[in-house]
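There are structures below to look over.
Next come two complexes built around chain A: one with chain B, the other with chain C.
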Partner chain A sequence: MKAMSIAELTALRDKMKDRVAMREGSGQIRVVVGMATCGIAAGARPVLSAFVEKVGEAGLGDRVIVSQTGCIGICQYEPVVEIFEDGKEKVTYVKMDAAKAAEVVEKHLKGGVVVDAYTIGQNK
Partner chain B sequence: MIRSHVLICGGTGCTSSGSPALKTALEKELAAKGLTEEIKIVMTGCFGLCALGPVMIVYPDGTFYSMVTPEDIPEIVEEHLLKGRPVERLEYHEQAAEDHHVVNSLSETMFYKKQKRVALRNCGVINPEDINEYIATDGYQALAKALTEMTPDEVIQTVLDSGLRGRGGGGFPTGLKWKFACANRGQVKKYVACNADEGDPGAFMDRSILEGDPHAVIEAMALAAYAIGADEGYVYVRAEYPIAIHRLQIAIDQAKEMGLLGENIFGTGFNFDLKIRFGAGAFVCGEETALMTSIEGNRGEPRPRPPFPAVKGLFGQPTILNNVETYANIPQIILNGAKWFADMGTEKSKGTKVFALGGKITNTGLVEVPMGTTLREIIEEIGGGIPNGKKFKAAQTGGPSGGCIPAHLIDTPIDYDNLLAIGSMMGSGGLIVMDEDTCMVDIARFFLEFTVDESCGKCTPCRVGTRRLLEILNKIIEGKGEMEDLDRMEELCNYIKSASLCGLGQTAPNPVISTLRYFKDEYIAHIVDKTCPAGVCKSLLKFTIDADKCIGCGLCAKNCPADAIARTTYIAPGHKLASFAIDSSKCVKCGACLDSCKKIKAISKK
Partner chain C sequence: MKELSLNVLDITQNSITAGAKHIEISLIENEEGILTLSIADDGCGMSQETVRRVIDPFYTTRTTRKVGMGIPLLKLAAEQAGGEVKIVSKTVEDDPDGHGTVISATFDTGSIDFTPVGDMVSTMCTIIQGHPEVDYLFVHKTASFDVSLDTAELRAVLGEDVPLSDFAVIGWISDYLQQQYQNENQ
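Up next is the complex of A and B:
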């Protein structure tokens, strides 16, 4: 039995925080992936996995919640991803894939800059 | 990479309604769909809504499913976990809401909205068998803070200033208790002990805390040990709580493994070791002196106080004993400060209280509310009201030591002093709701039978007095009572209260005293009119057939086990067959005839 130091305890807490943060609904940013039949057929699953993975890697787990929803209603643009942030307008990304997802995590979620090229406005 | 957590309640209630089978089914289904790497199953402690078990929450969206069966699992996995469409049919429907609207998230329910979770903060949120999840929610930070930034006296002062009072029944200020035991730190052997005997019938607050957040109790006991200068602790848990014992043992082992229990904790030189002792199911063993005697390996009998345990407790050494829920508040108080805690509650009762809601109430379960919440809020809003359109008659708090709160006092803010003033007591937190079909004399007898059974027999007032009291009650219930019996009971109650050795006897008459106080008319109805207004006491019931309503089908006579029903010669106007009648000298009052005449409703009991 080794004695744990307080620094180790706090480090462990910070490392484990992500594990329960999801249950506290404390994320300020919500990434919602459309996962209805049309979304899945168009490749939404790899997009969802990419978001989950990249958010984790970027250490954003305590701020960002990745969740899914049913049909968003714009099937021709699937896979669709919506990003909600308190006090900001909703951003809708369309025709997503895993690589684009990674880019959105890096630039938008981490950097705070919307990736205009993939938003619905640019793809109409 | 995990993208979703599915929390399944592993409390005792949901375990018995089938949550382990849900877990197995879910594991299988996730594996079949290749989702094992993405979705994590977490068994938690009690969520509180036991009546709706087994319950399950899916995060991150927080969808709350109730009464889930293993057959529902494939649909949940396919629709919700794969496609993101919650299965509406299984979502919790708020009973109280008029439109029975679907409530998506647990925190939106009336049941949760009015609650304030301090002692239960981790119950239903973390996996109690994984110390990492407790650490993730600031676990053991309070201990770290106390050991490095606070002196033992400062810890005691913080607990004093918080106004925390014992949740085990007596309501004694916790900080004061610790102060009494703090002399001569480091020079005498001392102990800290935890009372997890939870003997009140219908109470399950402490069990749920141990099952849902065992580390909170462990951390608090270490804090208590630091404060008074003890290095050894015992948790006295009743053996009838196998899940709680199992999880507590896992928690102790994990804490030892990480060096959070044992020697030289955080390298500060503070040592603390913790052991579990099983109670053998005697109510009196929850009394502090009996509990300690039992831990020492002797027959669990109380002894006179003083000396108080703070002076002479376990193995003759200074000891503090606190209740599970009392402890569960401590780490939060140390972390957030005394003021944070003292800002909740009423003038003399700070913080929150956990209640086990039971009896005639829609949402049977576990609730935690700020002190000062009214009974009405608990019953009507959180509890979802009384089922079947029945009327509220009284609530019983404090178990066999407590009393009844009648309907006209439903707006009383609940705290220690208000409850005492109206002749009940906080007790450990059992709250049993009674509707118009409850007989108060029968309730008094129920609790008294319990104390007669549980009296340890050491002192005469309790051993003999409670039995004599029960005999009078039985006499009244059998219809043989006289008005003088009421005075005799009152006198006897006072003797038992003032002459008994321990709290068991001293409070045993309370259910009788309080029902006499608020429901004397029911006693008088039993004695003078020889009737039971609620229709409960069998000896006073009379079953009769309304000859004009009876269609002469004979179903009642066929179902009567005592051959007490026979056809008469009377044929009611408009009927073809002669009616039936009950011979009350043969009737055993089983009620079978009543059940057989549900359509025609010609039979009544009064």
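Up next is the complex of A and C:
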């Protein structure tokens, strides 16, 4: 493994250590991307990558968890993304792509406004 | 699947479901242009009967649908490129110390129907992000590059406080792999 990269990783660890301790238990939003065969074939990987990248960039890492799940059961709507937030109804986004994911991070996760156009209710 | 890397992402989920703690993913292309993909895990393994059935699209462990296309799609990709898929599996009863599954697939990269490998960096980042508790050894070798990643080494640097799935760590892994692919290509 390259020494330079390891030095960078070590620096990263030191920077993050304090932050990680604070993260537990704060009001959290959970973003769940369907990553079964159906989701992957429909393009879930770039959607997941976009959420990971944009949530990190937006500095939302302290209150947003991005996770993966198997088949959600609505394969025809893949890539499907579900957003769970305490005290709020679950939001299901369908037929997602990387650009839509970036918009959801900006408007929904950061701004608190659901992007209606991409929800399952608007796409039946 | 548009890229083999998507099949790799899909098939690796099976290893995780099987409770694997270590997963080795390797893509090795020899001088004759034959690519061998291998995904080896130390999960619970499958009985010989199950190994026979996973090739069948109408066999699945999922509960939401009655079809399981993961392995059939890999088999299709291999066979249309003049290769084949082999599965060797041992259950805990077969071998308490050496249980697990090795699925390997070969492809003739010169075949007109060879599916390009595609973005293995995204696949590895996605796998690690989804299940950071598992250790992964990734190797991708061809005549022009030799890329590798061992998450046990990263874990040794990061310690217990920082998970591999942290946004910044995934970003680092992506850059690290990207760099290896680029350096070797020059």
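Here, the second predicted complex is superposed on the first by the 98 of 124 C-alpha atoms of A that agree within 3 Å, B and C clash if a C-alpha of one lies under 4 Å from a C-alpha of the other, contacts with A are read in each partner's own complex, and residues count from 1 in each chain.
Note that contacts are C-beta pairs under 8 Å (C-beta built on N, C-alpha and C of every residue); 3 or more make two chains touch, one makes a residue touch a chain.
Keep in mind that this is a model prediction, so the values were computed, not measured.
When both complexes are overlaid on chain A, the residue A:Leu9 reaches chain B and chain C alike.
Looking at the shared chain after the overlay, A:Thr37 reaches both chain B and chain C.
Residue contacts after overlaying the shared chain place A:Leu48 against chain B and chain C alike.
Looking at the shared chain after the overlay, A:Gly70 reaches both chain B and chain C.
Within chain A, the residues touching chain B in one complex and chain C in the other are 1-2, 5-6, 9-10, 12-13, 16-17, 20, 35-37, 40, 48-49, 52-53, 56, 66-68, 70.
Residue ranges of chain C in contact with chain A, taken from their complex: 1, 6, 9-10, 13, 62, 64-65, 68-70, 73, 119, 122-123, 125-126, 129-130, 150, 153-154, 157-159, 161-163, 166-172, 176, 179. Contact residues on chain A toward chain B in their complex (touch as defined above): 1-6, 9-10, 12-13, 16-17, 19-20, 22-25, 27, 30, 33-37, 40, 48-49, 52-53, 56, 65-70. Only residues 1-5, 7, 38, 57, 59-62, 82-85, 105, 107, 125-126, 132-133, 135-141, 144, 148, 256-260, 262-267 of chain B touch chain A when the two sit together in their complex. Interface of chain A with chain C (complex): residues 1-2, 5-6, 8-10, 12-13, 15-17, 20-21, 35-38, 40-41, 45-46, 48-49, 52-53, 55-56, 61, 66-68, 70-73, 75.
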